[in-house]
Each structure stands twice: as structure tokens, then as C-alpha cells.
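What follows is a single structure, and I will ask about it in a moment.
So that you can tell them apart, the chains are marked A, B, C, D, E and F in the order they are listed, and the count of residues begins at 1 in each.
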Amino acid sequence: MNKIEAIIRSEKLEAVKNALDLKGFGSMTVTEVKGRGQQKGIKQIWRGREYKIDFIPKVKLEIISCSEKTDEIVSIIRENAYSGNIGDGKIFVLPVEKVMRIRTGECDEKALE
Amino acid sequence: MKKQLLIIYLIVMLVSLISPASADNTLSNNDIARSINFTWLLIAAFLVFFMQVGFAMLGAGIIRVKNSLNFFTMVFMDFSLGALAFWSIGFALMFGGSNASIGLDLGNAYVGYSGFLLAGKTFDNYSAGFMLFQVMFAAATVSIVACAVVERLKFKAYLLYTVAVTAIIYPIYGHWIWGGGWLSQLGVKDFAGSGAVHAVGGFVALAGAYLLGPRIGKFDKDGKPNVIPGHDITYIVIGTFILIFGWFGFNAGSTLSATDLRISVIALNTFMAAAAGATSVCFLMVSRSGKADITMICNGALGGLVAITGPCAYVAPWAAVLIGMVGGIIFVKAYSFVEWKLKIDDPVGAIACHAANGIWGLLAVGIFADGSYQGVTGLIAGNTDQIYIQLIGAITAIVWAFGMGYIVFSLIDRITGLRVSPEEELQGLDICEHGICAYPEFSVNSKDTR
Amino acid sequence: MKKQLLIIYLIVMLVSLISPASADNTLSNNDIARSINFTWLLIAAFLVFFMQVGFAMLGAGIIRVKNSLNFFTMVFMDFSLGALAFWSIGFALMFGGSNASIGLDLGNAYVGYSGFLLAGKTFDNYSAGFMLFQVMFAAATVSIVACAVVERLKFKAYLLYTVAVTAIIYPIYGHWIWGGGWLSQLGVKDFAGSGAVHAVGGFVALAGAYLLGPRIGKFDKDGKPNVIPGHDITYIVIGTFILIFGWFGFNAGSTLSATDLRISVIALNTFMAAAAGATSVCFLMVSRSGKADITMICNGALGGLVAITGPCAYVAPWAAVLIGMVGGIIFVKAYSFVEWKLKIDDPVGAIACHAANGIWGLLAVGIFADGSYQGVTGLIAGNTDQIYIQLIGAITAIVWAFGMGYIVFSLIDRITGLRVSPEEELQGLDICEHGICAYPEFSVNSKDTR
Amino acid sequence: MKKQLLIIYLIVMLVSLISPASADNTLSNNDIARSINFTWLLIAAFLVFFMQVGFAMLGAGIIRVKNSLNFFTMVFMDFSLGALAFWSIGFALMFGGSNASIGLDLGNAYVGYSGFLLAGKTFDNYSAGFMLFQVMFAAATVSIVACAVVERLKFKAYLLYTVAVTAIIYPIYGHWIWGGGWLSQLGVKDFAGSGAVHAVGGFVALAGAYLLGPRIGKFDKDGKPNVIPGHDITYIVIGTFILIFGWFGFNAGSTLSATDLRISVIALNTFMAAAAGATSVCFLMVSRSGKADITMICNGALGGLVAITGPCAYVAPWAAVLIGMVGGIIFVKAYSFVEWKLKIDDPVGAIACHAANGIWGLLAVGIFADGSYQGVTGLIAGNTDQIYIQLIGAITAIVWAFGMGYIVFSLIDRITGLRVSPEEELQGLDICEHGICAYPEFSVNSKDTR
Amino acid sequence: MNKIEAIIRSEKLEAVKNALDLKGFGSMTVTEVKGRGQQKGIKQIWRGREYKIDFIPKVKLEIISCSEKTDEIVSIIRENAYSGNIGDGKIFVLPVEKVMRIRTGECDEKALE
Amino acid sequence: MNKIEAIIRSEKLEAVKNALDLKGFGSMTVTEVKGRGQQKGIKQIWRGREYKIDFIPKVKLEIISCSEKTDEIVSIIRENAYSGNIGDGKIFVLPVEKVMRIRTGECDEKALE
């Protein structure tokens, strides 16, 4: 099993969610994060002076998936989070050893159905 | 109103002739009457000024956080820049020829042309207070428009349009109805401005929102309006409280004098209409969905207030309750109508609140005026004419405000452009137009913040 | 107060007999006096109205964010629906028979029965302003109760209870003490309502909070109260500022006239009591824990204000300072007492603030009244009787308000039920009763949000 | 101002001699004049009180959230504790010997010494209202200082310093200029306190900020000031709205009477200066960076208000516009100057707003006074002397306020220490001094919260 | 070593924390997140119209543990986060390669003591 | 490849960011979290009564790195997040299977350049 983490633009969340939902991957967890990378910060003005905000608000998507579905999910995210501009974000895949659904106690693949 | 102004003015003049020695020892009755009238007018002006922060909070709360500071800035500048424009030009166009004060002597049925810059003989103690009160109304008219164009209008366009409304659009309709112009000669009655302020503001807002087009994402491809929730419901409620508070000055101050003891009936009517509007909407919403839906309740109160503004002096409390209740319901219906039928995007609901209820308020004079004040009568007092006269006032407001709004916004479009770019709209106008967001240290959750 | 009303009314009547021609040319002294009195009364009413938003912010800030909008809605509806109820019924029960104005002529020592709907001969310029001022007091009484029952009371139950308080509970006690009823005949003095508004509100609140039971999690299994912090301390402070501002109108407006020059002493006493209450609590808290504990300081100021409300016209500034200081300390002590001894859950502290200090205010008249106003004297002026009379007023307030509160809340329990379900309580009343949360775009951190 | 006080007082006295029977039946003209003057003065006092919450919101919004509650508490305590200090000592030092009211009879050109505790014969209806109005000015002076020392000053030090300002520093300068002291004898004119309140507050603030040193991280090693954004820009705007609202009372109330019909010119001038200050800064900022920079616009309005405070009664509206516009620009320039040249850390900009524009306001009297009120004339009326006299008033304010501020803060440093520890400063004063943060349920994003 | 991630109901955090504390697992990191899965969104009302909030506020618990303790911790979390209703959440276990305590520089198991 | 997660004091973020930037590791994602461990909670006061806030605000830093750089990054973080007092936080390293840059579709090491 895998954990897919994607850092995407906040305004793309809606589209990514809908696309995943359509393909039956409706479950996910989302966190508000701030990131930096190649994208330059946002220039702001405070009382007449410019300053730069280094960290740009992004959204982190976390999806636990069976290993077979991982690639499909990654590519759905990529397609729908894509704008072509610097700052589109990244997708990471991590190994997962164990999953449990709290409500039923089901484990691993079963917990992900 | 013109007659009132004249009477007050004549009294003031008379007194200064009769009692030239009054200043140096004890005060004459008329000196004292003047001072109480000044006190009343000034405090009313302060209250109407305070409505601006009510507008700002209400509107900012109803929209998304990424544009909320922009709304605050719009309202702040509309009274600031608007004060300069009204002082230098608008006041003269509106009250020139009304003889409301010395020096306001040039003007005809269509426009005034004396009192520019409040300079020369126009400037005295009375005209200063009078202008202060009037300038607040001009600012309120602009703030109404802000509600409909927010979240996408360029800030520079807003500045231009502020000047247009406070220097021209509002004062000229104001001249017609309050400055001795043709509507007042016809007998149209609009005590504190259901028409002059709210309908005019509301229909300029309609033109603006129409020309600007909807916010990105407001309508589906098939034209279905989407829900775009606001960000601070407490500001909406606080703003409404402040607006009611200020509205006491708006309506009861419009006697321009405290020696006119009708002020207390006006204040009571104002309050009852607000209460009734809130209550009718509360019951409507609870019966529909089981939820109280506080933002609609607030707008119910405001709808009631807009509606009572015109008739407030001419009707009895029971009529105020009725006018307010209907005003609340009108808001709810008109709000859906604008979204679903007109397919116009009016983020704060200015059209439903001010345009629709402004017209309702004008007509309500023709229905409920009972003759107890200045002899104004409507249907319930057996006078079937007044309602037609009021209708003329209403139609004039619609045509003038929508027409001028359309022209002005089209012109501004050519000069600065009306609308920010889609990227800026997505990012929010706070960052792109003002360089900072409203709450720099807080995490914001909105779907479409960049 | 009844005597005052009568005098004012007689003056008004007299004048209209003496100077029937006054309207058409210059104004008589009494015309002018009336207009200044109207001005004062109306502005005071506006200020008391404005207190509502102070209550709303104070209470909303002290509770958890998930119920904050519910509190705002409660306060908004209590003045709206309450205005309709008081106008149609409450006013008649309270002032019927007081002859405070024409038409208020039927009533006995226990209840009034004229002036319903402010209709018929009761309606005139004076009664309109008078009712506007009075209705704000009724709304304030309801808002006090809201503070104690919030975070768990059903919204529909709140609407019912609002009607009960503004139509019956408040007006009847009000009749007894201000409408010419038996307490006023006994000589109980309560200038602006330590008893009539605050103690009555506070003891209804006690009944309500008792019947409702504590919020989930407020008390441990062993009965130890837990700390449930609020969510917006700035609102608490802003709300308190607004309440002080409005309280000037509440107390000084209660002369009902500006020609009663005592208004300035009343205003000063009001301010000094607030300042003294805040200061005494500040020093107490800093000496205890080294922390200033601003929410307690705010309540100290409010405790001082509640306490000075009854005696404000009868005492000197030094006594106001003393009354305020003690009022602050009483709040602190009573707050612990309610939690630890009574084991009643009063989220905003209404019982400690309004019930306890309302009683203290009634008694303070019997102690500090120095005879400088309307001949009211207390212990310091050598009159040992007044304090007993005041005690009767206090006990009556307690019995009436707690008793009626108990009955009304029990009745409502049968009709709609009092309390939301535990699931709804955990989720918060904003979502379940109003369909939206207070800050839709912000992340909230609270432990028990769903 | 002293002359005015005397006249009013004499009228009041005269009347009580002439019409001893006035209380029992109809009212004399002077009774009524008194009541309208009381009404005006009291309402103005309420408005000035309300400015406190404007200060609190403005300042709290401009600083970081971790210290925002501390700022609210500071402002809350400065009027509370300040009221007690001014009532017991400050009022006597300021108005003793001014004969503004009975019993204020002892004092010389440098200090007054009668009226302590408003006790004895000093206490009457008039003096009570007069003190209420004056105490609000003392509180405002303290709040100005709070703006410059926030985010690092110990709360206990703040309490001590509040007493020093309200009991001594403010009243003594006030005595010189308004209490019949040497500056007023020289002819220095400061109508509502550009100098007495704003310059004095601003220069005490300068001393405080200088002695405290900058906040951690405000300056780089090479002395370059860093940007430390505030946390709630909406509070800044709302606070400014409230301040403008209250300023009407501050300036127009300073006639102390409504029978002085100049009140309406004063109110208009006040408003126009605010509008002009906002507009000039708006255009300056937009032309510089393309961004409207609302916090600077707000300070532009406030700069205009501070500047017009001194000359508001003596000038015409066009001059008020000019004074306000320059006031806005002065704020912008002075703000940079303090940061870049003086290298002083003034988080809310009190020095630029109140010190710089306070001086500008004093001088503006000497330039723009046109002789239309109380015969005060400046350069434009051909009087070249007044500006020198005003300069003396300004220099005195600077020397007195900075000097006394320096001494008092140095003394407090010895008693309690001025500054919290660096750990406390990093953590924020809300938690360490008050035990709770402003928004317990919200996530905060600030860089340096622990 | 493992990283245990649990997405739970916000109102269960207190109970889970206390139960873990009792057994000596007091260390953890908590994040406010929003999730979707089988649990339906929350219906809200805005100006007279219903709309659905898709993402439901949840709390994410992160605990780094020695491999031997993982199962115990997982079952404590499960027991205390359980309500039996849809939306109780999930527990994931990930492998961890290295741990360091910043204060002491201690690594791995030592850093977790 | 690795995912480095560091829980650090909020006030150290600036320093850590700058140090990493200097060495060319400018990319990262940051989340506001709350943690508990050996550090005692914060005592607060509410209406006259003390109570303890159990969870202390911290910042979580996430950096995806090539395996060779992991140790360098970890030690830069450690040096700059260090204060020596309890509560300095921890650094965890997790294995990562796959990385993709959304904008370009580049994978793994390439996506991290």
C-alpha cells in the first residue's frame, strides 16, 4: 500500500477532488500548508514598504491507496493540478505498512475499500 | 423637504433681524431653538457617518476574505473622496436654488448652480451643518453601489465612479426631489430617501453589476447560480446593528430640526420597521428550512429600514410594522430574482435590499400616509392621487440611476477598465490592489486562495 | 419615576393649553424645552439600542466559536421580536395607569391595561419617544438571560421566551416600580433599573440556566467545574466598551428629560462606577495571579455599571466610586459562587454580573442616597428606613423573576423542548440551528468541533 | 478656552440669581440654554469616550496578534485607572484657579490646586459634566502613548505611567493652555487640543519608545528597519472609523456649549480634514506603488484630524481641507523619518500621527485663522504675530512632554522595570501578562509565536 | 521504527490523548485537517440556499514509535477514537528510517525514549 | 529518496529556512502543528482560573530529498533549530518511493533538482 502526498495549488483542489471522485477515489485528507521552491514569494506592502512573503499557501492532499491504484491516482492528480506555471507543486509516494479503519477494525486493503 | 428648509431658514433669518443684540447677554427663544436644532442635526450627521462602518463590516463579512479589505478601502475612500467631490460640486448642484440657506439662490427645476465649495456668502453656521448632514447621504449612496461591484471592480475605477456619484448622479436626483426641483414641485414625497438614496444607489448598482458581469464561478455553464459563502458572519450582524443605530439619525435627522417634535414618531417607526423586517424574514426562513439564517434576517431588518425611509414621517407605527414586514419579504424574493432570473451577480445583495425596497418605500408613502404630518395622505386616507405621483418619482429614480450608472460605468471602462484580470480576481483584490490581506497572521481555508 | 413622568406630562399638557398658537410663529419656552427633552430621550434610546451589539459581542466572545453565531442571532431576534411584543402588549401592562402620557389611564397597583399597540389616543409624539426608550430596556432584559442559556438552548425556545419576557415578566415588575404600581407606592427607588432590568434579567437567567442544566463537559463527575475558554477576547473587550458607551444613555436618559440638569451627575457617576469596578478587579486579579485577566476586568466594569444603575441619580461621585469598586468584587465572588457552590453553568456570567449586582444596586440606594436629588436619602443621610424598603424591592425582584422564569421555561420545555440534542450541542448550534458557522473560511482549533 | 468657560459660568451664575423660582414652574430661557448645553457637552463626552475603543482596535490591529490583547487591556485600564487619577488629582491641577466652575478658585499661572476629588463646593451639575468631558481627553492622551510602547512595555509599568500622565503631565500642560495658565495668557490658541492632547501624548510617546528601545527584530544589525506587519487590518479600518466618529465630539464638543453655533463649522471642518488627509495619502500611495495601502490611508485621515483639532474653530472649510491634506502627507513623511532617521520603534505610528501633526495643528492656527471666530487671526488675515505665539506653545509642549516623559519612564524603570524579558517578548505579552491569547480557538501563523 | 498516522474525529482527541498518556505514550504531534470518505458532507445554508461542505474537519495524530510499540499504540488509538459511526477515520503505519532529537542529537530508539 | 520531517519551534523556522537556502535547499513545505512531549504545557488563565494548554504550537517542516543529501539537510536543520531547551523537537526520515513534479511531469531525482 502507498501514501500519496501531493502539494498542489489551493485553487486546483476542487478540480482534483472532482476528477478523483469520478474515478471512485473519493477518500482523502487535506491540509493547509505553506511552501517554497522555485516559485518566488508574494510581494506585499505594509505601511508604505514592500516586503516579501516567502511561503506561499498550498494544499496538501493525502491519499492512502492500494499499490495497484497508486499510478492511476498520481496521474489523475497530475492532470488536474496542472497549470504549467512554476508553483504547480509535487507528488510524493511513500510506502505504507499497515492500514486500519477505526470504525470496523478492518485492516489493510479491506480498510481502503 | 424644500418647504421645511425654507421655513427653518426663514425662522432663522427672522430671528437675526428681530433680536440683533441676542448674542451679548441672555439668549432669545430663537437663538435657543437654533442651538437645539443644530445639536440635533449635527448628532444625526454623526450617526449617519457612523453608518459607513456598518456598510463596511456588513459588506466585508458577506464576501470572501480575500476581497474583504478591498471592500473596507472602497467604503473608506467613498466617504473621503466623496466628501471632497460633494463639497466642491455636488452640494451646489443639489441645493442651488433651494434657498435652504443664504447663497443657495441659483438653480432651476433641473439643476442647481450656486454654493460651489460652500464658499462666499453660502458659508455660514447653518449651511456648514446642513452640508455635513447632506454629504453623509451622498457617501451612503456610493457605499450601496460598492456592495454590488465588489470582488472584481478595479480600485481606480471605483475612485472615478465615487466622484461621478457624489458630484453628479446623486445630487441631481436629489435636487429634483429635495432641492426644489421638478419632482418636489409635482408633490413626490420621500422623507429621508427611500428613493433619493436607496433606489438611486440600488439602480446604479444594478447597472454596475450588469456591466461588470458575474464573479468567476458564480454561475455554472448552464446559468445556475452557485453559492459563494462569505467569511465573517459576525461582521454582517455587527454591521447591521451599526446600520440600525445610524439609521435613527438618517431618518429622524431628516426633519433637520428638533423643534419638529415628529422626530420621536420617526425614530419609533424606523425601529419598528427594522424589527418587523427581521421578524418576518426569521419566520419565513425557519418555516422554509428550519434554520434561522441570520444573514437573511439582517437583510430583512435592512429591507424594512430602506422601505420605511421614505414614509417614516407620514405613517403610524402599525403601518411602519407592515411596511417593514413586507420590506423583509421583498428582500428575500428580490434576492432570488436577481440571481435566478436576471442572472446578475450582486455579492452583498444591494439590488434586492436598496433598489427593490427603495421603490417599495416610495410607493408605501402613497399607500400609508395618514395625513398626520404635513398633510401628506395616501390610499388609507382616501387619497388615490399620491400613489401615482410617487410612481413618477420611482420611475424617474429607476431611469435616471440605471441610465446614468450605465453611462458612467461604460465611460470608466474606457478610461481605466472596470474589471481586474482573472488572475487578480482569483488571487483576491486585497493582495493585488492593496498589497496586503486582511488577516496576515491567520490561516485561511478558502477554496480559491492562491 | 412615576412622579417624574407625571410632572413632565403635566408640563407638556399645560403648555399645549397655554400656548395653542405656538406652532405657527416663534416657539414658546415650553415648546423648546420639549424639543430638547425629546432630543435627549431619543439619543439616549439610540444609545441603549446600541448596547445590544455590545451584549452580542461580549457574549459571543466569551463562548466557543461553534455557538457564537447563535448568540448573535439570539440577541438580534430578542430586540426584533421583543419590539413587536413590547409594543403590542408589554408597554400597556407596564405603563397603563401611570398617566405617563395621554391614554395610559387604565391600570391598578399590579398591572396596567391601556396603551396596547400604542394605538388610539395613546399615540402621540411624546408617547412614541417614550416607548422607544422603554422598549430598549425590555430588549436588554432579554439579552441578559441569553447570556446564561447560550450554547444549549433551542432557538425556537428562545423566541418563545423572548415574547414572555418582553410581553409579561419585565413589564409587570416594571409596572410595580416605574408604572405607578405597589413598589413605587411603597417608595422603592430604582433610578435606571438595577432591579427592574438587571436583577429581573439576572434571576430569570438563573432559573433558565438551572432548568437547562450545564453544558456537556462543564462539570466533572465529581462536580468540579471545568474551564471552557471563549474564542474571541477582543470581542469581549469591544463589547464592554460599547456597553459602557450605551450605558450613558441607559442611566442619564432615565431622567427622560434634559431640563433635569442632574443628567451630568448621573453620567459622571456611571462612568466613575465603571472605572472603579474595572480598577478594583484589575488589582484583585493581579495580586492573585500576577495576570491582569482582562475578561474579569471587563466584567468588573460591567458589575460596577449594574450596581450604579439604581442609585446613579441619588449619590455623589465618591459614592459611585465605592459602589463600583464593591460591584467589581461582587462579580468576582459571585462568579465563583455560582460555579462552585450553586453548580450552575452560566457561560457568560450573567447571574454574577446582573443578578448579584442588581441586588447590590438596589441596596446601595438605601445606603448612599444623600438627599441631593428628589429627596431620596439612605443610611449616610441618617435615614434607616429606605434600606428596608429597598430590600422589599429586591426580594420582590428575586421572587418574581426566578418564579416566573421557572414557570416560563418549564412551559416552553413542554411546547418545544428547551435543549438541543447532545449531538447538536457537540457540533455547535451555529451549524445545526443556523446552517452556517461564524467564520466559514477560517480554521478553527477547538477541541470538540465535529 | 478659559474665557469661554468664564462666560458660560457667569451666565449660569447670573441666571440662578435672576430666576430663583425657575425650577418650580415653567423654565426660563437660561434654564433651557443650560440644558441644551449640558446635552451637547455630555453627548460629546460620550463620543470622546467611544474613541477609546477606536484607539484599542486601531492599535491592536496594527501589531502582532500575540500582543493584541495586551493593547486592549492597556487602553481599557488607561481610561479606568486614569479616571480615578484625573478625578482625584488631575482635574484640580488643570482647572484649579480657572473659575470654570464654582470652587475652582485656587491656582496660579503654573498649576491649579482646587477641586480635588471634585469634592466640596466644586461639585455641582455643571462641574460634573465638565469633568466628564475633560477626563476623556486625559484618557485619550494616555492611549496615544500606548501606541508607541506596546509589544514590550510591562503592564505594571503601564499602570504607573497612566497615573503619571492623567494626574500630572497632561493636566499641567492643560492648565497652562486651557486652565488660565501662562500659555493662555500669552494668547496661544489650541481649540480642542492639537497641542494639549496630541502633541503632549505624542512627545511622551517619543520619550517612552526611545527609552524602551525597539522590539526584538525591528532593526537589522546595520540599523535597517524591518517590516513587522500587523494582524488584523479590518480592525485598523474600523478603529479609524470609530475615531472619526468620536472626533466630532472631541472637536465640536470643545465649545462646551451648543448655544455657540460655531459647532457646525467645527464639525464640518473636522470631517473635511479627515477626508482630505485620507485622500491625499491615497493618491500619494497609489502614485508611488500602485497600491492603495489602506493602513496609511487611515493614518492619513487621523493625521488630518490631529492637525485640525487645534484650528478647527478658527478656520474655513477650504483651510480645513488644506490642513488635512498636509496632515496626511506629514504623517507619511514623519513615519519614515522616525523609523529611518531617529531609528525609534513606534509600532502604531503615534509619533508621526500625534506628535508631528499636533505641532502642525498648533502652527496652522497661526497661519489659517481668519478672524471669523473669537477674533483669532493668523497669517492669511494679515496677523504675523500669532504664528510666533503658537510656536511658543508648540515648543513648550515638546519640551514639557518629552522631558516629563523621559523622567517618568526613567523613574518607572527603577520601580518595576520597563521592559518584559526577551522570552516573554518572543512569546507575546498576551500569554505572559494576561494569561490568555486573543483568539484561543484560532490557528495563528505568525513567525515567532512559541 | 514507525510513524503512526491517525485521522480521527476532533472530539475524540482528548480521550485518545489521555489514554495514550496513561500508557506512557505522551508524545505526539497533531494537525487540523479536513477529510472526505464515506461520510457525507455537512449541509449548510447560505442566504436561503443549501449547499454542501465536502470536507469535514478532522484531526491528524502523528506518533513516531519503536516498531515493538506500534501495535499497542494503534490499538489504544482505535479503542478511544471509536464511535461506531461512519467517519471515525483511519490509522496508517509508515516505516521510518531515522529519528533524531534536536535538543540532544540522540538518534533513533534513544530519541524516542 | 527520503522525506525529512522536522517538528521545530515556530520561532526557529526563519533561521532554519535561511540556513537551508544558503546551502541550496530552498524547497520545503511547512505546516502549523501542535505537539506534546517532554515539554510541559502552557499555563493559561480564564476568568480567574488557571488551566493548562496541553498542546504547544510547533512547526512541521517537510523536505523531500535525494538520499545522498538527507544527512546534510538533517544536520543543517538540527544546528539551526537547536536551543538546548526541552521542546526543541525531532527530525524523522522516511523512505520515499516516487516523486513527480506536476508542472513538468519529471520524476524522482529529476523532480527534485
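Rule of thumb we're sticking to: a contact is a pair of C-beta atoms (placed from the backbone, for glycine too) under 8 Å apart; a residue touches a chain by one contact, two chains touch by 3 or more.
Remember, predicted model here, so these are calculated numbers, not experimental data.
Student: If we look at chain D and chain F, which chains touch each of them?
Tutor: Intersection of chain D and chain F contact lists gives A, C.
Student: I'd like to verify one number: the distance from the centre of chain B to the centre of chain C, where each centre is the average of its C-alpha atoms, in whole angstrom.
Tutor: 32
Student: Can you check how far apart chain C and chain E are, centre to centre, with Cα atoms defining each centre and the answer in Å?
Tutor: It comes to 47 Å between the two C-alpha centres.
Student: Measuring centre to centre with CA averages, how many angstrom lie between chain D and chain E?
Tutor: Those two chain centres are 53 Å apart.
Student: Check each residue of chain F and list the ones that touch at least two other chains.
Tutor: 31-32, 44-46, 50, 94-95
Student: I need the residues of chain C touching at least two other chains; which ones are they?
Tutor: Answer for chain C, listing residues that touch two or more other chains: 29, 32, 36, 39, 43, 229-230, 289, 291, 293, 295, 434-437, 442-446.
Student: According to the definition of touch, which chains form touching pairs?
Tutor: A-B, A-D, A-E, A-F, B-C, B-D, B-E, C-D, C-E, C-F, D-F, E-F
Student: For chain D, which residues are in contact with chain C within the complex?
Tutor: Touch list, chain D to chain C: 26-29, 31-32, 34-36, 38-39, 41-43, 45-46, 49-50, 52-53, 56-57, 60, 68-69, 72-73, 76-77, 79-84, 87, 117-119, 123, 125-126, 128-132, 135, 155-156, 159, 235, 433-443.
Student: State the interface residues of chain F toward chain D in the complex, per the touch definition above.
Tutor: Within the complex, chain F touches chain D at residues 9-11, 13-14, 32, 42-46, 50, 56-57.
Student: Show me the residue ranges of chain A that touch chain E in the complex, using the header's touch definition.
Tutor: My answer: residues 3, 17, 26-31, 62, 64, 94-103, 105, 111.
Student: Mind listing the chain A positions that touch chain F in their complex?
Tutor: Result: residues 2, 6-8, 31-38, 54-55, 58, 60, 74, 77-78, 81-95 of chain A touch chain F.
Student: How about chain E: which of its residues touch chain B in the complex?
Tutor: 34, 44-51
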